[in-house]
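Next come two complexes, and both contain chain A; in the first it sits with chain B, in the second with chain C.
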Partner chain A sequence: MRHALKVHVALVTLFLYAPLVVLVVYSFSASRFALRMEGFTLEWYRRALSNPAVYKAVVTSFSVAFLSAALSTGLGTALALAIHSLRRAKVAGKALLAMGAFPLLAPEIVLGLGLLLFFSRFLRPSLLLWGLELGSFPSVVAGHVTLGIGYVMYTVRARLEHFDDAQLLAAHDLGASRPEAFWTVMFPQILPGIIAGACLSLAVSLDDFYVSYFVSVGGSGFQTLPLYFWNLQGRQALTPEINVVSTLLLGFSFLFVLSAFVLQKWLRAPGEVT
Partner chain B sequence: MKARTQKHTAVSASRKVSFLALAPLAWLGAFLVVPLGLILITGFDSGLHHYARALQPPFSSVIWSSVVLAVASSVFCLGVAFPVAWFVVTRTPRWRAPWLAVFLTPFLLNFLVRIYAWFVLLRPEGALARGLGTLGFQGLLTSSQSAVVLGLVYSYMPFLILPLYAVLEKLDWRQLEAARDLGANAWQQAWHVVVPHARPGILAGLVLVFVPMMGEYCVPRMLGGGMISTLGTQIESQFLGSVKPNWPFGAALAGVLMIIVGAALTLGFKFGKGLLGGRDDA
Partner chain C sequence: MSTGTLGAPPLLRVCGLRKRFGAQEVLKGVDLEVAQGEFFSLLGASGCGKTTLLRILAGFETADEGTLEIGGVNATHTPVQERDLNLVFQNYALFPHMTVYENVAFGLKVRKKKSITRQELNTRVENMLELTRMSPFARRYPGQLSGGQQQRVALARALAPHPSLLLLDEPMGALDAGLRQEMQRELRALQRRLGLTFIYVTHDQDEALALSDRIALLHEGALLQVGTPEDIYARPASRAVAAFFPEGNVLMATVRAPVPGQPHVVRAHCSGLGVEVEATVAPSGAPNAPQSQNTLHLLVRPERLHILCKEESRQSESADARVESVSYLGRERRYVVRLANGQQVVVSQNGGAPIAPGEAVSVSFLDARLHALPAGQL
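Coming up: the complex of A and B.
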């Protein structure tokens, strides 16, 4: 039984990493076709890295991600604080919680669809009456914010659970005004939750495909990195460029893990258990 | 004393609440509640017509095969993930986090790229695809179905590993010792001690993977070789397809998806004991 477990774990590890290794190996293929391995070349790297469309997609992805992460961090924190102070009003708190959690639990395709209907049937026509045009960029940001709010809500709520409200009262007794009490007593204690939530919503936005895909329809040339990737793989003739873009994304992800790890070590104050 | 101070802060805080909740409430109202409502309204565009069509052949069989595919993938996923979670909790505490990282790191890669990686491995002329086809999960699934199951398992495994790890970590090891002392063999220990303890994690995890698998569009599209039609691919083509898009009908299909997913989540909340709702019950 013990050996069976080890064999299983070894196979799962192979299952998890083998496709990624293949991807990296294929990105050096000299073949003109993505699915064939012949020789070795850096030519496809040169092509991918000198392709302005790739850069444009990277810039779009990061602009969307930072903007939507900033908005969802603010809104998600406010939501968590509101739920925290609504603990006694069970129904209202539960309703807010359910709204925040919905995008996390439901299939993303549902949110993407709903937003597509909302934007194209309702928001765009009514904005047009005012002479305003709603482009793909703000639409996708709006979708990503809705996705991110729930994540921030969860991480901030996790911190609020360990927060003793009597501390606020003590601060008032010592002469702090309400904003002062919040910023000097409560805020520093929930800050790790806010930062974790911001990182998560950033990652969710960078990773998102469904919402961007449905919402950006008809948007002229608007492409986040996942959308760019989707269009690449949808082509009839796949060139190894797609393997190169995949490998670069793989590199990005590992860099992200590494920085999250370093950030976590740095944020964890000595003696504190987070 | 404590009750009084809590009451006091609650009262002083509640004045700020209305203001605090306003922004997120307005946002979620506009960009979540209204869109979901629009899906329902659009689906009932001409009475029950679109829903009736969705529940008749050929679409009823699409719905049915999506459910079968998602259930099969969830169960298969459990079979893969449970021993992995068990392996991690049986390491010494300082090695648990690194091992967990080994199993979770690949999931930080964009999921389209992960599926594409399998597409490269499973390309039709590849030996792996033929092997899968002949193995065919004992002839239960076609090779394109097996490829989709594989992709779904590969895409959503962490949603099962994490809740399983969370429950197994709290296992009282003395119960296992007691079972051993009373003469239980390894399988009896697993079945009578570990599984009952892990049941909430198993159920929550199954629901957490089943739900996104139900709505999946990219995996059947990329790995199904054009042979697999699911709720996800049908909804997409009704909305964005180049051939005769039909939004109200697509919305009705999405309504069916929401009902199935809602049922699964309700079951999960009922039996998953707080694991789905996060720290709600703590």
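Coming up: the complex of A and C.
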């Protein structure tokens, strides 16, 4: 029985990670083609890292990711706190919760299309009336924020569920003002959730294709990494360079998700329930 | 009804406190005075308004009407963080992300007005930890402590800012019975040692009796009686107070004559036991003052009745009865006994040979003078 379980775990792990391992292995291929494995070289890493188009896409991707993650974190945390304070008012709390969660569950392609329509039909024309132009960068950031808010809301809420509000009263009773009570008692306890949410929204933003594709204004030269891949297709034979860039992207995503877990563990007080 | 007024100027004075939540009136005009150094309990069943009263004292809630004075200063509208009192929460509400030491230091760090040096702060926190025997655990987190230890931390944290009044909201609620008794003793000793004023909220009658200097019994938003544990238990002002401690026997008696020289004492005939007794009654002049031929309701607690096997003795001042059931409770036996007139009474007895159900016994009062419940409050 225990043996069967081990085999099961091994198979699932294989199923989950084999494609990623293959990708990483192929990024070292000496072949000219992305789908062939011949020999070992770091040449494609050198080329990828010195390719100005790749460099530009990396910078764009990270700028979008950090900016949208920062905004999602602020807005998602505020939303989680609002839901927490409304948890006695069942309908309002649940409605807010569903509202924040919906973008997580909605098909991303639908979300992308919706954002495209909203931006191109409503937001851009109305901004133009004020003489403002909405470029690709802010549009994509805004789109990624809609994705990120839900993650932050969930991770912060998970922390809030274990938070006893009597602690705020206790702090207040001991002489703390309301803001002091929040910053010294509540904030440190939800911080792991906030950080986890921030890391997840970073990863989601780096990974996103649909929203970026639909929302960015075509032809402006705006490219996140996933858009860069997309644009490579069909133009030329794919070289292992694409595997290299994918491996790097994978590495960053992994780093963010891992740090979300590690930070949560590290920030938790010993013996704390969660 | 006694008003709980004291001679010395009180530390806490509550006047005409009213609070309404929607259609429900939770506090119906509460007046209280608590003296400096008193261990004062607010006793009542859940929903009686004791928690609301406590929250108003702490400042978490504002009263619709009435005033609140702490140390002679009107504190009705003083913000929570400026009140010279601290609260020990029911579930302690410790800060789980801070060590024991940091929890205790919180109130001292946050009150910038009472600027104290780093050294003073350390000394005070260490004193508090020593007082509550938590010094060895200063570097631990609340999640690593047992229930009793957490309670001590909560106590130390609330005491550290040196409040002149400590509120305790059912602090023993989460502890098991054995630990509870130990903590009760410790709490009482601590209060005596510090000479602090404690206001202790509980629904546990035994706890209130064991700990308090005085008890205020709260029922449906109004004070039924304020008095010493003995007043409340043995000399309840009304049937509702008497009923708060279960198994009080109420025996009917007929007033025969006043006792000369003692205004509130009458001789009466208790029909259930068929004996003459003396009874203290409500002060004359009160609407329920006794008159000749009036019926009295005598309150007799189970341990103030005595039973003996019929063969063993034949006292003059006793009545025939029959044991219906008996339960053995360790330190006592509790008998349900049916009197000759058909009334059931509960008798609690420690020691003596057990008496089996069905046996004939004689019942007598242990006290020469009994307490009569005011009439008209049935």
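The rule is short, and it goes like this: the second predicted complex is superposed on the first by the 189 of 274 C-alpha atoms of A that agree within 3 Å, B and C clash if a C-alpha of one lies under 4 Å from a C-alpha of the other, contacts with A are read in each partner's own complex, and residues count from 1 in each chain.
By definition in this document, a residue touches a chain if its C-beta (ideal position, glycine included) is under 8 Å from a C-beta of that chain, and two chains touch if they have at least 3 such contacts.
Just so it is clear, the structure is predicted and the values come from calculations on it, not from any experiment.
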item	value
First (chain B), second (chain C), both or neither touched by A:S85	first
Partner chain in contact with A:D173 - chain B first, chain C second, else both or neither	second
First, second, both or neither for A:G76, with chain B first and chain C second	first
Touching partner for A:Q189 - first (chain B), second (chain C), both, neither	second
Residue contacts on chain A - larger count, chain B or chain C	B
Touched partner set for A:L111, first chain B, second chain C, both or neither	first
First (chain B), second (chain C), both or neither touched by A:L255	neither
Which of chain B and chain C A:V22 touches, first, second, both or neither	first
Shared chain A surface residues [contacts with chain B and with chain C]	166, 169
In the complex, chain A residues that touch chain C	164, 166-167, 169-177, 180, 184-185, 188-189, 269-273
Residue ranges of chain A in contact with chain B within the complex	1, 5-6, 8-9, 12-13, 15-20, 22-23, 26, 34-35, 74-76, 78-79, 81-82, 85-88, 96-97, 99-103, 105-111, 113-118, 121-122, 142-143, 145-146, 149, 154, 157-158, 161, 165-166, 168-169, 178, 203, 206-207, 209-210, 214, 217, 225-226, 229-230, 233, 242-243, 246, 249-250, 253-254, 256-257
Touching residues (chain side chain B, partner chain A) in the complex	2, 5-6, 8-10, 12-14, 16-17, 20-21, 23-25, 27-28, 31-36, 38-39, 42, 80, 83-84, 86-87, 101-103, 105-106, 108-114, 116-121, 123, 154, 186, 211-212, 214-218, 222, 232, 235-236, 239-240, 247, 250-251, 254, 257-258, 261, 265, 276-280, 282
Chain A-touching residues of chain C, taken from the complex the two chains share	58-60, 80-83, 86-87, 89-91, 93-98, 106-107, 110-111, 140-145, 157-158, 161
